[in-house]
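Each structure below is given as structure tokens.
You will see chain A twice below: alongside chain B first, and alongside chain C after that.
And now, the complex of A and B:
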């Protein structure tokens, strides 16, 4: 799953070097528009809709991995 | 009437990843705006939805934004929201508009071939920064385009698109926007 997040973030923002502890705002300096684009890319990948209000408390990469696992999304 | 308007000062600083942190820039700008000593600000806290504030200086209202090569912070003595967004060429405005915007907004953008996409984005974001709720409210649940196709609008508030560098959109939101001053630092 980490590789998928790395790929999506790179494709959307051009940012690299992401680890489990990477903080999207503090470390990558992403803003809300970047986050929306990333959400959209995840939705495309998993063919689903992710409620935006559920994602704003996901600060680090590991939070996203936990969220996706909780929702039952696994990498095909 | 003029007394009801909110004078706004916007500080701008080149933004570089790995450079001065946003918190450092905020304190520097807040010092310049308020004239207070650095120690007067105390701890920076965030509200329940992430809006930052200085509990020790309750009358100091500010809104931070960064995008592309710029960091901005607007200050006033009343609540306000500011959003800057660089026009990203790889973004698919039609797709994002359908997914995240209100149907009135999506229809309005489609009529203009989505050329105002980033202006509309900034208007929406400046409003959620004003409220302090961020996008914890679904962005498709409110519109900054009204039924007559007027943009930007929000009941009881002013949304003002401000000129900035080419390739950027910038919007300020407050109850009554007065004079806007700029400061570089």
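And now, the complex of A and C:
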């Protein structure tokens, strides 16, 4: 799953070196538009919808992994 | 696409004084033309013509009036961008009621507080905001909620479709014209930017909004297909993008979710876009990322330099590579109107070389909102354009002050703040600037203490400081926007904290920072992304203060 996130973040923003603890805003200096584009890529990949107001709570890479696991997506 | 006009006389549009006149005018003038389109999740395009749009407005208005909506009532809209948002808004303002445009990017509690402070008793809600606002119905703060788009499964909410149906049957039996409204009737209540309930409620009259639209049409020409992902609850998105597009009879493509903004931009194939610097930069970054991945970044940079030289020497900029790049990254887009925050000159120039005209404008909610804008035929990069014809603009000790028919009526239920903001009809913007010999306005900074982001959002540092001060370990705190990134206006929110020495006794600096970061993370959880504190600094000394013990913001 981490590899998938690394690929999506790189494709959308060009940023590399993602770990489980990476914070999208604080560590990668992404803005709200970048974060939304990353989430949109997850939605497309898993054919699911992540409500915009829930995106606020996804700060770190591990938050995304936990969120997806909660929705039943554990494999890339 | 129409050819780019260079003569003002080529694009005159009608002037209206009130929303009922506006609706009757656009229905009559543009009837069968496409007015509004959007894409579903499955990328299906849905469209309403001007006739269909104005008929839906008439049906909804009739249904509301039939069920007892009285002129002057406040009606709040709490929803993401959607066709129903626009139709509800137009129905409300065309029957002499006041549309309260609620900022949906706020925390749940702030949204409820905004609705209560505005005295709205009727709410239009999207499914997302139904559970957030239903407690208002339970507590009796609002009398009725109407659900837009979707089934609530909750019998307390009425479906908007039933109102359309009711209005349609009433109109079929006995059609009625829109209600007459007075020019000084308040049409919109729009919230100023802020982080908490302290955001002010700006009252804009029917005449103020219409005047602002009509004035801007003298300067800015839109092409046929306009794309807008700006939130409608801000005056920029609503008045400048939505209503201005309808005034001109163009075809508006709307997007209701930042997540699908880029997708919809490509699907819509617009020739005009109204946006904020954040999106322009995102498009630019994506374009360069793709070029770098293809290993062509160096050659493109060289080509850009050659193209810039051609432009400087007034030679035509015609390079096939640049045209191909524009087509790939921007499709048919040829005009971008950018406002809400400062746009770097370098970006404007880069887009210009790609064949996309970038018009920077300047506005503030209290002025409905446009104050100045560059023209298709007279564009000075780096400036925010010419002040609108009916506005007087003066510089008082460098501060931009504005007077004219599109200035607000005041802040709702706040005579004190209104008196401070308006003096003899002059509104003090808090922005510093100057004009050049041709009358173009340039902005140089802000007098008011607001942090402005590239998405046009503004944050009052005092309100974040209030939240942070509640952390027991914090003795003093100052929030500021610190430089972040390639451009001077890239900012990130930084909290400088002087920890309480008593509470920190025996703790290492690392432990203090770790504790504070955990507390800040908790606060961030309830804030939209752009309002989150991104950096925490610890100070070893107290802040320098004024005689009244206020922290000196610029001396620390």
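In the analysis below, the second predicted complex is superposed on the first by the 75 of 76 C-alpha atoms of A that agree within 3 Å, B and C clash if a C-alpha of one lies under 4 Å from a C-alpha of the other, contacts with A are read in each partner's own complex, and residues count from 1 in each chain.
FYI, a residue touches a chain if its C-beta (ideal position, glycine included) is under 8 Å from a C-beta of that chain, and two chains touch if they have at least 3 such contacts.
What you are looking at is a predicted structure, and each value in this text was computed from that prediction instead of being measured.
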So, does A:2 touch the first partner chain B, the second partner chain C, both, or neither?
neither
Once the structures are superposed on A, label A:65 by its partner contacts, choosing first (chain B), second (chain C), both or neither.
neither
If you count the residues of chain A that each partner touches, which comes out higher, chain B or chain C?
C
Quick check on my understanding: which residues of chain A belong to both its chain B contact set and its chain C contact set?
12, 29, 31-33, 36-37, 40, 43, 51-53, 56
For chain A, which residues are in contact with chain C within the complex?
12-14, 25-26, 29, 31-37, 39-40, 43, 49-53, 55-57, 59
Within the complex, chain B is touched by chain A residues 12, 28-29, 31-33, 36-37, 40, 43, 51-53, 56
Spell out the part of chain C that touches chain A in their complex, as residue ranges.
41, 80, 128, 257-263, 278-279, 282, 285-286, 289, 292, 453-455, 484-485, 492, 521, 524-530, 532, 534-535
Which of the residues in chain B end up touching chain A in this complex?
15, 17, 49-50, 65-67, 83, 85, 88, 90-91, 95-96, 99-100, 121, 125, 134-139
